[in-house]
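Each structure below is given as structure tokens.
Note that chain A is present in both complexes that follow, paired respectively with chain B and with chain C.
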Partner chain A sequence: MKIYVCVKHVPDSAATITVKGKTEIEEGITFLMNPYDEHAVTEASRLKKIFPESEIIVVCFSKPEAEGTLRSALAMGADRGILVASGHRHDPIMTAIVLKKAISQDGQPDLILTGRESIDSEGMQTMFRLAHLFKIPAATNVVQIETRDNDVLVSCEKEAGAREMLKLGMPCVLAAGKGLNNPRYPTFPDIVKARKKEIKIIDFEKLDIPKPESRLELVCLEPALEKRTPKEITGTTTSIAEQIVSILKDEARVI
Partner chain B sequence: MNKIYDAIVIGAGVIGAPIAYELAKKGYKTLSVDKRADAGEGSTAGSCAIVRAHYSTEDGVAFAYEGFKYWLDWENYLDHVVDEKGLAKYMNTGSILIKSQGHKWQDVKNHYDAVGVTYEEWDNDQVLKHVPVLDLHEFWPVRRPEDPTFFDEPNKMLEGALFCPEGGYVNDPTLSAHNIMRAAEAKGATFMFNAEVTEIRSADGKVKGVTLADGAQIDAPVLVNCAGPHSYIINQMAEGVWEGCNIKTKALRHEVMYCPAPEEYDYYNNGYHQSDGDIACYVRPETGNMFLIGSEDPDCDPQEWVDPDEFYAGKGGHGRDNQLTEEQWKAQCYRLGRRVPTLQVPNQPKGVVDLYDCSDDWIPVYDKSDLGGFYMAVGTSGNQYKNAPVVGAMMADLIDACEKGLDHDKEPFQFTMKYTGRTLNVGFFSRKREINYNSSFSVNG
Partner chain C sequence: MRKIGLLIELKEGALKAANMGMITAAVKKGHELFAIMMETGMPGVRKELARFGVNHIVTVQMNRPDWHPTRWARAVVTVLKSLDIHTLMGLTSAQGKDLLPRIAAILDAPLVMDCVHVDIGKQTAKTSQYSGKTMATFHLTGETVLYGMRPNAIPAVVHPTTPHIIEQIIDVPEDSDLHVLEVVPGESDTQNLSEAHVIVSGGRGMKDKENFKILFACARSIGEAAVGASRVAVDAGWVPYAMQVGQTGTKVNPKVYIACGISGSIQHLAGMKTSGLIIAINTDANAAILAHSDYYVIGDLFDILPALTHGLEKNRGQDYRK
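Right, the complex of A and B next:
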């Protein structure tokens, strides 16, 4: 089985993001693998344990610095990487076209895994666009994957507590949700092995992709100021516990 | 009319709070001022709060060993004060010092013998019996992952460790300072927060008091600088103090990492504090079954001396501000990853960046100054947390003796430690000393 995992190189969620100019951010911060993509890489690695003949190829379309993120994916169990490097940021339409081209040039995918969204642009559309270009089915926020002979059975989380079971023909695009697994992080021996794994770097300009008819353009970035309104919960221990449960159930809807 | 106290302590961290406590116990009417909102919220909050005995000098070992006794007897030390936030807990994990080229462990062993520190010598098998996740190859010299030789295969083995059954860490350093504040208040001490000192007033070679950022003036014949990473700024405000120090202090940026322990290894409950000069890391358990990974500042790592106000405001840019860097995350986690090959290293750095108040030789300055009534407990450089209660007792005795006429520069004060019974020449910590080349010049002290 050939498993392609698309990963994105994003700013660390813990970093202080400073807007530079109108559409850029200060990039002297830590960039790393999009956290949802960590679930996708971990899942690919799990599937490889079931199908040891599988090959896991991580694909990334980003600035050249994203090699570090690919190296992380290799340490987490991927076999080799492909980086399409470009000096500029691109929209999801172009990203899907580039990923499709990079994957098609490389081989025949049996499964394409991605994260359900990227934590920087949160577009949630690249995986659907990619599936559309391949003319294959897609499912998002996947929390369980069961591979069968010619199809996969997946559970997708819809909203808190609700799941949907889907059957998809292979190949297909599956976008990992948080509940899919606990990311398996690399150990030092994994990191050493990853240093010797192959990363193929493709120059975006050389792919010679015609400009799509329409595109999505970032006009302006504005820092969001988070407003917090703390609320004190008082009462007896039992009543405090009851109030917390009711908040989690009715307001936050997480249980 | 300015408010008048017997002594003003600048800083309510883990060094300032016990000095206020001990002075209050002696009958001094003290005021502690701190620019933060509560006790222990400055660099104390970022302390790893390690309690261990190995230091590069015999006095250093004795001082730390004395400190243990306070942590072991915390409630008594606090005179059973009630702190609404609860009490900090000393976690006695035991302390392993790996025998390596990175530490002068033979000297440490001699100091242990001289001071009477309880310890065992372990060979590699005994080390593995206690910490089965370790790879005891020698990885020396310490390198950075950017250096390709970092990944070279080791071919020699280490030679065991020294183990002290007494040693560990305090689970909440901020809370420990808060506890001491409450104990001090019970003895009459006053604490003022959100109070930044902007001026030290003096006349005729004697200190008069402080002026705060809001313009308030408070007077006292005794001032104690315990400002942590801001100590050099306070010393510079006081007439002749900075110039009169042969040993100066400045603020050094320092990163500490949290990395999850290997699966199946209950490090939080079964792990030890461990100092490992071979990889320049020290580790201790942290809540959530994490390894807390500190660095012993090897020569190959960058040293960033920063302006503390800029740092805490998040300014200065990559590697100088208060955010973890990916490079240092990798350096510390990969170094430990060699020692603990099953350690999983997440992609996202997690940890704490804070400042050391560091002296020229990494040994603190506990002293008077060239300005009458002005004292300092500064340069505590990341290794004095454990000694803080002893520092409180020693500084209070020193201040009291000097205020009663002792010329400490001529006849250094001799401090008697109440538990070990040893006498310590406080002149060892003098601002006028030459650089002490016996020091490790690192966090090891």
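Right, the complex of A and C next:
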């Protein structure tokens, strides 16, 4: 099987985000692999254990520094990487076009894995756009994958713990949810081995992709305001409980 | 003047409350609102839609009406094309996350999910980025544009109308590439967090699985409250993942969020920061959650919660006698 895994290079979830200018952020913070994509890479290496002939190729569209994220995917079990490097940020429409191009130039996928969303731009759509470009089926928030001869059975998490079982023809795009597996972080030997693996770098400009008719343009980025002025509730336990009841009743009007 | 399609969501035949805020976000003089119903709801549904201001109710009748993400997406595209609608709004719910991007991909149209504000005329949408640390405003360029609204982000305002009914009979071919084999409902304990009005949440401070009963009891005494949890409580196996609030769990936006024994990590805050009113109960006067709350109690949740449940029950009793 040829398994392509799309991994995004995103700011650490614990990083402080400082807005710079109108639409930029200070980039001197830690970037790493999007957490949902870690589940996708982990799943790919699980599948490779079942089908040892498989090859896992990780694909990333980002700034050149994203090589670090590809390296960690290689340490987690991917065989090689492709980085489409660009100095700018792009919307999910362009991202899907670029990922499609990078993958089809490389080979014929049997399976494409992604995360269910990226934690920086929170677009929740790249996987469906990618699948549409390939004219193959897709499923999101996948928490279980069972491959068969020509199709896969997946279980997707819906709201309030509900699940949906789907059968998809192969090739297909599966977007990992958090419940899919527990990412196994690389050991030191894995990291050393990953240093020797190949990362192909493609210059985005050289792909010569025309500007799509449909686009999303970021016009303004601003820090989320915290408008709260915390007030302490004090008193005896009974009095505290009574005060909370009246807040729920008179201020929030939920009871 | 613009035609706006609103993808209406039902639960067990009833309108989800979050639809109403979405309608309010679209109501504006000169706009023509089309509520698109993929399922036939209970009798009261149409009246309720009329109360909030839709001008048309489009009832879609498919050759096979049961839920199927790609067939539903195709059917919605057919409705938009036949009625010449170029703006579509839906909810950023589990169903919306499965349907809106599919529709956007088919139409090659821009989509912004989890919008807290939209300007339909200017084609801009405001949404959170970097797990709630920033707010981003996007301009959508395209022949058709799509917005996924964050449930409960916009308070519903009554705006009565007398809608026309438009019946659409749509024949969507089978999708040989994707089959829905089975839909398994969630456990009865886990309510739908993303649309709950009140959430009582527990973290490491709950200490074990058994103690979550205290939270469920408190939620019951409030009425329609849901119970959530931090990742620590989920990872410890005390409660299922469906209950996790946060960056890698569910993002919630209730009117009231009560955080019990939760420290307020950045990843937890990312999922609940936008709640209307936040009440924190914590033994630690330095816990980060306190600075992000409206009200806080420095105290032991094992004392406060039972007292609160008792107080709530007493209050209910009083209402009952009234």
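Rule of thumb we're sticking to: the second predicted complex is superposed on the first by the 224 of 255 C-alpha atoms of A that agree within 3 Å, B and C clash if a C-alpha of one lies under 4 Å from a C-alpha of the other, contacts with A are read in each partner's own complex, and residues count from 1 in each chain.
Definition applied: contacts are C-beta pairs under 8 Å (C-beta built on N, C-alpha and C of every residue); 3 or more make two chains touch, one makes a residue touch a chain.
All figures in this text were calculated on a predicted structure; none of them were measured in a lab.
In the superposed model, A:Ser13 lies in contact with both chain B and chain C. In the overlay built on the shared chain, the residue A:Arg89 is in contact with neither chain B nor chain C. For chain A, the partner that touches more of its residues is C, with chain B and chain C as the two candidates.
By the touch criterion stated above, A:Thr187 is placed in contact with chain B alone, chain C being left untouched. Shared-chain residue A:Glu213: touches chain C; no touch with chain B.
Applying the stated contact rule after C-alpha superposition, one finds that A:Glu222 touches chain C and leaves chain B untouched. Applying the stated contact rule after C-alpha superposition, one finds that A:Arg80 touches neither chain B nor chain C. By the touch criterion stated above, A:Lys2 is placed in contact with neither chain B nor chain C.
In the overlay built on the shared chain, the residue A:Lys63 is in contact with neither chain B nor chain C. Within the superposed three-chain model, A:Pro35 lies in touch with chain B and with chain C [touch as defined at top]. Chain A residues 13-14, 16, 35 lie at the interface with chain B in one structure and with chain C in the other. Interface of chain A with chain B (complex): residues 12-16, 28-33, 35, 38, 68-69, 72, 183-189, 191-192, 195. Residues of chain A that touch chain C in their complex: 11, 13-14, 16-17, 19, 25, 35-36, 91-93, 96, 119-125, 127-129, 131-132, 136-141, 153, 156-169, 172, 178-179, 212-224, 226, 228-234, 237-238, 240-242, 244-245, 247-249, 251-255. Here chain C touches chain A in the complex through residues 70, 92-95, 97-98, 100-102, 104-106, 108-114, 124, 127-143, 148, 175-187, 190-195, 197-198, 222-223, 240-244, 247-249, 255-256, 265-267, 270, 273, 276-279, 290-299, 303-304, 307-308, 310-312, 315-316, going by the rule given at the top. Contacts from chain B toward chain A in the complex involve residues 151, 260, 262, 314, 317-318, 323-326, 329, 334, 337-338, 341-350.
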